[in-house]
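There are structures below to look over.
You will see chain A twice below: alongside chain B first, and alongside chain C after that.
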Partner chain A sequence: MANGQEEKGEVKEMTGAKWEREQALVQKILEKAPYAEGRVRRERRIEFKVPADRIRDFLMTLKENNFELMLQITVVDWLKEGEYELVYQMWSITHRTHAMVKTRIPRELDKARMPTVKDIYPVAETYERDAHDFYGVYFEGNEKMEMPWILDDAEQGLFPHRKDFDMLAYVKKKYKILDRFDENKDNYVI
Partner chain B sequence: MVDWRLFEPLFEFARKRSLWIVAFCTGCGGIEMPPLMTSRYDLERFGMMPNPAPRMADLFLITGYVTPKTLKRIIITYEMQPDPKYVLAHGSCPLNGGIYWDAYNAIKHLDRYIPVDVVIAGCMPRPEAVMDGIKKLMEMIENGTADGWKRYRENYEWYKKNQDELFGEGWREREARRWIPWLMDKKKKEK
Partner chain C sequence: MVSQSELIKEARENGMELLPLDKDTYELFFGPQHMATENFSIILKMDGHRVVKAIANPGFLHRGFEKLAELRPWYTNIALLLRICVPEPDVPEAIYSMAVDELMGWEVPERAHWIRTTVLEMARVSAYLFWIMGLSFKLGVYTAGQWAAAYRERLMALFEELTGARVYHIYTIPGGVRRDIPGDKWLRQLKDTVEYIKSKLPDFDHLVFENYITFKRMEGIGVMDKKFALAEGVTGPNLRATGVPYDVRRMDPYLLYPELDFEVPVLKEGDALARALIRRYELEQDLYILEQLLEMGPPSGPYKVQDPRLKNLPRFKVPAGDAFAHVESTKGDFGAYVVSDGGNKPYRVQIRGPSIAHGIRVLEQLLVGARIADVPVILMSLDNCPPDIDR
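Showing the complex of A and B:
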C-alpha cells in the first residue's frame, strides 16, 4: 500500500514538471544520435523520427539505453504522400517507457526496402515477415522473407492491406457473389 | 438376417442423446464454448461433450467466421468424421459473411462448401441461442431431417466444384506439401 502511494505521488510530480524524466531520456538519446528528431508525447510515451538508412544505428543506440523489448513493427500507408511510415514500437522495462521510432520510405513496391534489424532484436524477424506479407515492404537481410506467413496462396503477392488494393472487386471475383455488393447500396441484399 | 432398418428409430434416438462435438473452434464463438460446457449451461446433461478426435465425433460446431485457410482444415476434418455427422453453424458469419461481408479473407456462404444442418443467427449468439439450436438439431435428428451427411455424398461433385473454385485444383496435396521446402533446411542449403 505504501509502495502504491509513493508511485502515485511520483506520477503527480512528473506531470507537474512537464514529464521531466522523459525529457531527460530523449535528450540523452539524441546526444548519441544527432541525426534523429525526438519529442515527448506524454508521460511514459516518447517518439523519434529517424531517416530510413540510419534505423539500425538508432535501434542499437536504443538498446544500449535499456530499451529491452521490441513490441511491434507497424506500417502506415500514406497514400497521398506516396509513403509508408514504419513505426518500431519499443518498450523499456527499466525506464517504464514506450518509444515509437518512426521512419518513412517510398511506397512503390520496388523501392519499399529496409535493412533488417533482426540481429539487434531477434523478434523483429516475425514482424518483418508480417509487414512484408501485408504491405510488401522488403527487409534486406532477413532470409525468411520469401517464406509463407499468414496469407494463403491466393493473396500472396497482392499485399491486401495497401490502401489502393481494390478490396470489393477482389471479394466479388473471389467469392463469386455479385448482387450483395452493389456500390450504390440500392441493391443491398443480406 | 436382421433388417437393421427396423431399428433405425432406436438408433436415431440414441444418436440424438449422445452427440460428441469436435473440439475445433473457429473464430470468436470459441469463447461461448466454455460457459456452454461448464456448470452454468451444462451441455453434458444432453450427453454432449467436446472430443479431441474427429474420428469419434458426431457434431461439428462452426463457431464464427471461417477463413479460407481454416475452411481447408474444416473440410478435411469433416470428411474424417464417421457417417452420421451433423454441422451446426454459429452466428451470421458462416451464414452470409456477417460483418466481414467485404473482407477478402472470410467465407461468405459456408453451405456452398460443406452441408450445414442448423444455422444460428446472431453476432455472437448467446449460449441460450446455441442450446436452442442444439434442441432443434435433436428434433431434426429424431425425425430424420438432419441429412447433411447424405447431401454431401449425393452432391459431392457440386461441393467439390465450389471448393476447387475457391482453392484451386489439387489444393489438398498442395497444402500438405506447402511447408516441405521450408522445413528441410539442409536440403535447401545443398541446392
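Showing the complex of A and C:
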C-alpha cells in the first residue's frame, strides 16, 4: 500500500509539467475570478470551487473563456455535512477541456436556493428542473420551476433522491404490498 | 353542437380540466402511445395542421436508476445502468466502468481496451441501423427499415456469442470486460458481417438517403444554427449537422481512439436532412473503424485487471473521490459522474444523457410552425431517446 502511494506521488510530480495547457487555463480563469479556487485534476479535466452567490459571475467568466457547452448540473446530497453540492459540468470545445464547477449550499429545503443560470446557458433550464424535481433545490428566476417534470403530481414535494428519503416506507404506501415485507427486517435492498 | 363552455363545465364535473382555447386552435396529445415518440409525450397546440406551441412531457420511463444505483454494490450496478440507453446499452456500461477505473487508478489492459472499443463501435453500428429502421418507417419507406432490422440481427447474434445476451450485454465491467473473445471464428464472423453491411450501404442510399421523398420531406425542416445548438447544449450528430466538428472520440480521446483513423463528418445546413445524412456518413466511418480494429487484431494479455480486491465483489470498495467520464454515442455526448465515499456502494451516480439537451427545449422550439406530419420526422432526425431523459 505504501509503495502504491509513493508511486502515485511520483506520477503527479512527473506529469505536473505535462499539464501546462490546463494549468495556464486555470490561471487565466482565476485571474478574472479571484474568489474561486481552481486546480487541474488530470489531462483535460479541471475543477473549480466557487461560493454559491458568485456562481453566475463565474459561469459568465467561463462562457467568455470559450466554455461553450453545459453538460449537466449534478446535485450530490452530503447528509453528514448537511449540504448539497452542486456540480456544473462544463465542456469547452476550443480548449478541449472538461471543467467541474462545484459549489455548496445548505440542504434544508427552505434554504436550498440558487440563482438560475438559464440566461447564460439556456439549456440549464432543463437541468434545473431536474434538480428541483429530485432534490428540491429551488432556482430563483427559472419560470418553469413549478411545471411538472418527470415525477407525477402525487410525488411532488417528496424529493426522492435525497439521502434521507425512506424508500421502503414509500413503496409500502404506494403499492400496498405490505405482506411481502417482513417488518422485523429493516435493510431491504429495493 | 355543444358549446365550449358546456364542455369545460362537463369536464370539471368529471374531475378533469379542459383549457379554453382560441376558436381555431386545439390541443393534441402526441404520445406516449404514438409509435414515433417511444414512451415520450408532446402536448401540441395546433392551429389546423400547424403546430403553434409544443410542450415536451417526459417521465413515462422514469425508473429511478440513479437512486437505485446508490443502494447496490459497485459491480451490480452494471446490470442496472445499461438499461438507461436501450438502443446502445454498451455506452452506459462503458462510461460507468471508465469512471470507476479512474477512481481506482487502474491501468486497464490493452486487450480490454481493444474489446471495449470494438463493442462500442458494434453498438454504434447497430444503433444507427436501428435508427435507419425508425426513420424509414416514419418516412413510409418500409422496405429499408426491414433490411436495417435484419442486418442489425447479425450484430445481435455476434453480441450473443460474445456476451451471452442479445440486447443488454452486461459485458463491460470496471477493470476490463467480463469474458474473453470466444475465438478466431468470432473475429472472422465479425469481419464478414462488417463487409456484408458495408456492401449493403448503397441499397440504403438508393432507397432512403438519395430518395426524392426523403429530400422532399426532410429538407429545410427543423433548422437550427450553430449558436443556438451550442447554447442549448446539443451534442453529437445534431451538433455536427450545424457545422461544429465536436466528437468526443477526437476531442477527449479514450480507449483506442487516438490510434484509429476516422473522419468526423460535418455539414452546415442544420436541418433534418443534414442530421440524417451525418448519421449515414458516420455509419460508414464506424464500419471503417471496425475494419481497422479487426486488421489490428486483439493484443494478447489479460482481458481484465488482476487485483486482489476483486476476490470478494460484494465487499469491493472504491476509494473516496469523484470522476467524470464520457463517450460519443450515436445520440451525442454520453457522460457519467460517479462519486464515492469509500464504501462498497456508489455515493452518487449521475448519467448525462444527450437527449436531455435536444429532446426538451430544442424539440419544443423546432416544432413551432411545423406541420403535424413533420413532427415524427423532426423527432426522428433529432434521434430523441426518452430513457436517457427519464433515467
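Remarks
Definition applied: the second predicted complex is superposed on the first by the 163 of 190 C-alpha atoms of A that agree within 3 Å, B and C clash if a C-alpha of one lies under 4 Å from a C-alpha of the other, contacts with A are read in each partner's own complex, and residues count from 1 in each chain.
The working rule: a residue touches a chain if its C-beta (ideal position, glycine included) is under 8 Å from a C-beta of that chain, and two chains touch if they have at least 3 such contacts.
Predicted model, so just to flag it, every value in this text is computed and none were measured.
Of the two partner chains, neither chain B nor chain C is touched by A:30.
In the superposition on chain A, A:175 contacts chain B only, with no contact to chain C.
Within the superposed three-chain model, A:52 lies out of touch with both chain B and chain C [touch as defined at top]. Of the two partner chains placed by the overlay, neither chain B nor chain C lies in contact with A:145. The partner of chain A that touches more of its residues, comparing chain B with chain C, is C. In the superposition on chain A, A:74 contacts chain C only, with no contact to chain B. By the document's definition of touching, both partners, chain B and chain C, reach A:167.
Residue overlap on chain A between the chain B contacts of one complex and the chain C contacts of the other covers 148, 151-152, 160, 167, 190. Taken together, the chain A residues at the contact with chain C in this complex read 8, 44-45, 68-72, 74, 76-77, 87, 89, 91, 93, 96, 98, 100, 121-123, 125-127, 130, 134, 148-152, 160-161, 167, 189-190.
Of all residues in chain C, those touching chain A in their complex are 57-59, 62, 64, 66-68, 71-72, 105, 230-233, 235, 244, 246, 251-252, 322, 324, 326, 333, 335, 337, 339, 347-348, 350, 352, 356-357, 360-361, 389-390.
On the side of chain B, the complex with chain A involves touching residues 67-69, 96, 101-105, 107-109, 165-168, 174, 178-179, 182.
Across the complex, chain A meets chain B through its residues 147-148, 151-155, 160, 167-168, 170-171, 174-177, 180-181, 190.
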